[in-house]
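One chain, chain A, appears in both complexes that follow, with chain B as partner in the first and chain C in the second.
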Partner chain A sequence: MRGLPAWLWILLVIAGVGLVPVVMTDAFFLRLFTEALMWIGLAITWDLMAGYVGYLNFGHGVSFGVGAYATALLIVNAGWPFEPAAALGGVAAGLVALISGWPTLRLRGAYFAIGTWALNRAVMQLALVLDITGGADGMRLPAFLRPQFFSWVMLGVVGATFLVLWLLLEQAPFGLKLKAIREDESGSLAIGLNPAKLKLQAYVLSAVPAGIIGGVYAYWITFIDPASTLGDLVTDQAVVMAIFGGLGTLIGPVIGALLLFAFKTYFWAYLSDYQVLYLIILGLAIAATVFFLPDGFWGTVTRRREGRRALQKGMALAHFPEK
Partner chain B sequence: MLILLPQAIVDGILLGGIYLTVAMGFSLAYGVLHVIDFAVGEWIMLGAFVGLTFTNWFHLDPLLSLPVVFVIFAAVGWMLQPLLQRVLSGSRGRPVLMALVFTFGLALAFRGSALTVFGIFTHSLNTALSQGSWHVNWGSFFLTIPLIRLAGLVYALAVIVVLNYLLKKTDFGLAVRAVAQHKEAAGLMGVDIKRTSAAVYGLYVGISAMTGVFIGAIVSLNASMGPDLSLFAFFVVVLAGMGYLSGVPWASFLLGLIQSFFLIYLNPSYVLLALFTILYGILLISPTGMFRKGV
Partner chain C sequence: MSDHVLKLESVSVAFGGLMAVDAVSFQVAAGEIVGLIGPNGAGKTTVFNAVSGYYKPTRGRITFLGQDVTGHVPYELAAKGIGRTFQVVKPFAGLSVLENILVASYLRYPGQAAARNKAWEVLKFTGLAERANIPAAGLTLASRKRLEVGKALALEPKLLLLDEVVAGLNPTEADQTVELILKVRESGVTILIVEHIMRVIMKISSRIIVLNYGQLIAQGQPEEVAQDRRVIEAYLGEGSSAANGSTP
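On to the complex of A and B.
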């Protein structure tokens, strides 16, 4: 089985996951399934900026929210069908990233984190005061009650995102270039890279899938308001998932998203009287991860494995994951 | 409209005085510990709630809780700082960003705790000064100065005088300035870096919490006000220039003035939108602050 190329493995896994909605048609299960996929998508796109480029984007919710609102506006006000509307939601998020990224990406370190956070709060305030977005009351979309359809759409979007990111970050030189920026931005400039351009490409690349996911979310949930799409919690959860799973890898945020989402679901099912406890646990989870597992769950596990394998083979630590 | 101008200016200055104290502590913590504390707004919020609890238990004026609040939170900050130090140091990559994520996690946990313990409702702190105010009539101009806001300004000035004395005249202040300038060298000269850093963080947390009591008395308090206050603190600190203490007063008063002018002359629901947009704009135009003296 080792002869199969890695991209085929990824496609097989995605196809295998795609069979799940065929077998499990329970509406509640499909809802969880779709939402878990959504968080995977948000976590890996956040990790693209944080783990590969080294920029903490505390405004990732902007892409999600802009995508959701653009899709909702197109469907409700312009009467567009869902698919092109969601695609245009992605384009809208990409455009916002392109326009805001050019100045924002000049900021470094903590300034970037503060700047993107301020941008997120400003966009949320804008959605609250505008008439077209319905203000705090939010927007209602026509209901399309096909849970299976949405689970496949979400899987398609997130699976395609994973595959594209995997090709670009792990296979193509693009990922190495981004890591060069993470390690030393001036150094990457010195060896002939163009950090400004690369960062902008990565920023747009992380925004477009988040925007499409936002669009799918809007049509799936049929109701959006500023708090649920542009609120801090969207970014916060993606941040925890990516950091808990392990920054700088693609599989880490996926695992982090699954673990955290499973926890969240159990939590809401059994402890829903204490909803705000979730915030406490979320916060402590971030703090404890940074404190005890700075490499994240996946990073800690794989490093140990690599160390063990290296001992068995009697050779130096492998720095590159084998294909 | 012109009639309200003196009121807008005075309101802005009084409001700005409140932000001044938080931003001072924040700048100090950043200058010495190199930590961007995302939980600053949560410290303010928790301080306000401890003040409220104190008032409800002992039926005393909230302003009397200030020393208690300071002692509690200074102790918490003192005990928390070693954890922060561990995140900042060691062999991890990007320690500053990791510390930022760490305080971000703390902020979430604090907000959740406050929501659990104190609920979602908005409270206000009633002090003996809340009702009183001074009225000034001057031709067709008039001015109302609520006493509690004046007390806030007095508190801010007192904090600055004490901080100034501590930093410039005492051995502790010398140690703080030495650590801020060069940590290793300060350690070699016999400064206890761990204790000094813990004390600075405790001082900053204590001051922020005391400010919370004033914000609770002047405006109101609820468990989810933290993020906005954090962004106000960032606003002041970024505008002043990160780590540049002398710029902080100007930036604070500017923030107060922007807020009061928006409230009086423009739509109040646009205040936050305007502030966050301006903060974003400042970061883009001059990330080292309006004096270009930040780091």
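On to the complex of A and C.
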């Protein structure tokens, strides 16, 4: 068994997880199962920019929301089937990243975080005022009530995302090149790297799967509105999951997503009278993690210090130009 | 192809009204080690930044291997064959020593296995192989400066710009670095070096260029330059020309 290549292990784990919905067919469980996978997908794609490149994207929800709305519009207005619609949702999110990355990726440190957050707000306002998106009333999609189907679709999308990111970030030179940018962007120029190009590639690469996930979410939940797809909470939860799990690794955000999602589920199940507390706890959790576990759970366990490096770069208030 | 590797023709770099480099012209021939010296603020690092593409010259022309490369960006110049180190070292601190060199090796060896071979070759060449797996942040200053050289060598440069790779080292470390520089030259790389330590620059340079206030004030053999009245005055102030120039 030890002789198996790592990619085969990953496929086996994904296939193993795929057996769960066969056994556990309870609708409530399948809903949790699908949502947990969704958060894993959002956390690992957020970590691509944050942990590997050192850019804290507080507008990751834009990709999710654009994917959700594009998919909904194609299904509702153009009568497209779900699969190509969701795929095009990913393309739409990628295009938005390609266009918005050009100005925002020139910002560094905390300014990038603020810039992307503002972009998220702008897109949310757009969804609120446009007629085609239904404004604050949102959009209703034709119901396709097959929880098992959605659990497998989500697993397929998130599993494929994990595998692609693992190949590109942990196996191919691409990941190390991104880390070099995280460590010293100006120094990376001297070894032949083009940070502007690499950052844009990473930005689009993190947006496309998030857009597809948004599309799957829209068809699965059958109702989307600006708050649920473009609200701050979409990004913020992915952020907390990735940082808590450990930036700059792929396993870290998966663990972070599972732990935080478990907490969220228990919280809503037993403490739903105190909803406002959830946001306060989320805020405290992120502050405590940054202070006490800057490398995140997985980084601390494996003694990797990439988490704090990513945070240092991502939260810097100034960058120091070459002398 | 012309015999010079690098040629600057009245290159100027201005920051606002300040002429950091003022109409400097010189050539570096293949196989040479050329020393670039001058008092603090003379414009040495600015020349490096202009040659490596970090600054765009305000005026003038830079030719590399017969090709006009004025205003080209650093990664293009790295691909063309200009490697550089930084005075304030820029290790990728969170990455291991091996990863630091590996990421530079991708420029010539896009495949993972070939890049690893190249990285190990550079690690051995620079004497960093034993520390391959520790984070670059954990290296001593001497090793970090070696790592700078190693990263540049992994690019397989034709011209190597070394910015104060000896300064700050103790005499033993300095001698080892000098040996490394000579070894690099023997492997066929042309070198332009900025250094404050005269003992080093006099020993290894085949030719020396002296800058002061952004202008080229002298160039020639080390012995000639050391005797040059203007050079001695630049270092020690006017009226000091009686001093022996070998240790300004």
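Miscellaneous remarks
The rule we apply is simple: the second predicted complex is superposed on the first by the 303 of 323 C-alpha atoms of A that agree within 3 Å, B and C clash if a C-alpha of one lies under 4 Å from a C-alpha of the other, contacts with A are read in each partner's own complex, and residues count from 1 in each chain.
The definition used in the following text is that a residue touches a chain if its C-beta (ideal position, glycine included) is under 8 Å from a C-beta of that chain, and two chains touch if they have at least 3 such contacts.
The model shown is predicted, which means the values in this text are computed figures rather than measured ones.
By the document's definition of touching, neither partner reaches A:Glu83: not chain B, not chain C. Number of chain A residues touched is higher for B, counting chain B against chain C. Of the two partner chains, neither chain B nor chain C is touched by A:Asp137. Residue contacts after overlaying the shared chain place A:Asp26 against neither chain B nor chain C.
In the superposed model, A:Leu277 makes contact with chain B only, not with chain C. Of the two partner chains placed around the shared chain by superposition, chain C is the only one that A:Gln171 touches, whereas chain B remains out of contact.
Contacts of A:Ala190 after superposition: chain C is touched, whereas chain B is not reached.
Taken together, the chain A residues at the contact with chain B in this complex read 54, 56, 58, 103-104, 106-107, 109-111, 113-115, 117-119, 121-122, 125-126, 128-129, 232, 236, 239-240, 243, 274, 276-291, 294. Residues of chain B touching chain A in their complex: 36, 83, 86-87, 92-94, 96-98, 100-102, 104-113, 115-116, 227-228, 231, 234, 238, 267, 269-270, 272-273, 276-277, 279-280, 283-284, 287. Per the touch definition, chain C reaches chain A in the complex via residues 45, 49, 52-54, 73-75, 78-79, 83-84, 86-88, 90-95, 99, 102-104, 106-107, 110, 112, 115, 135, 151-152, 154-155.
By the touch rule above, chain A contacts chain C in their complex via residues 171-173, 176-177, 179-180, 182-184, 186-194, 305-306, 309, 322-323.
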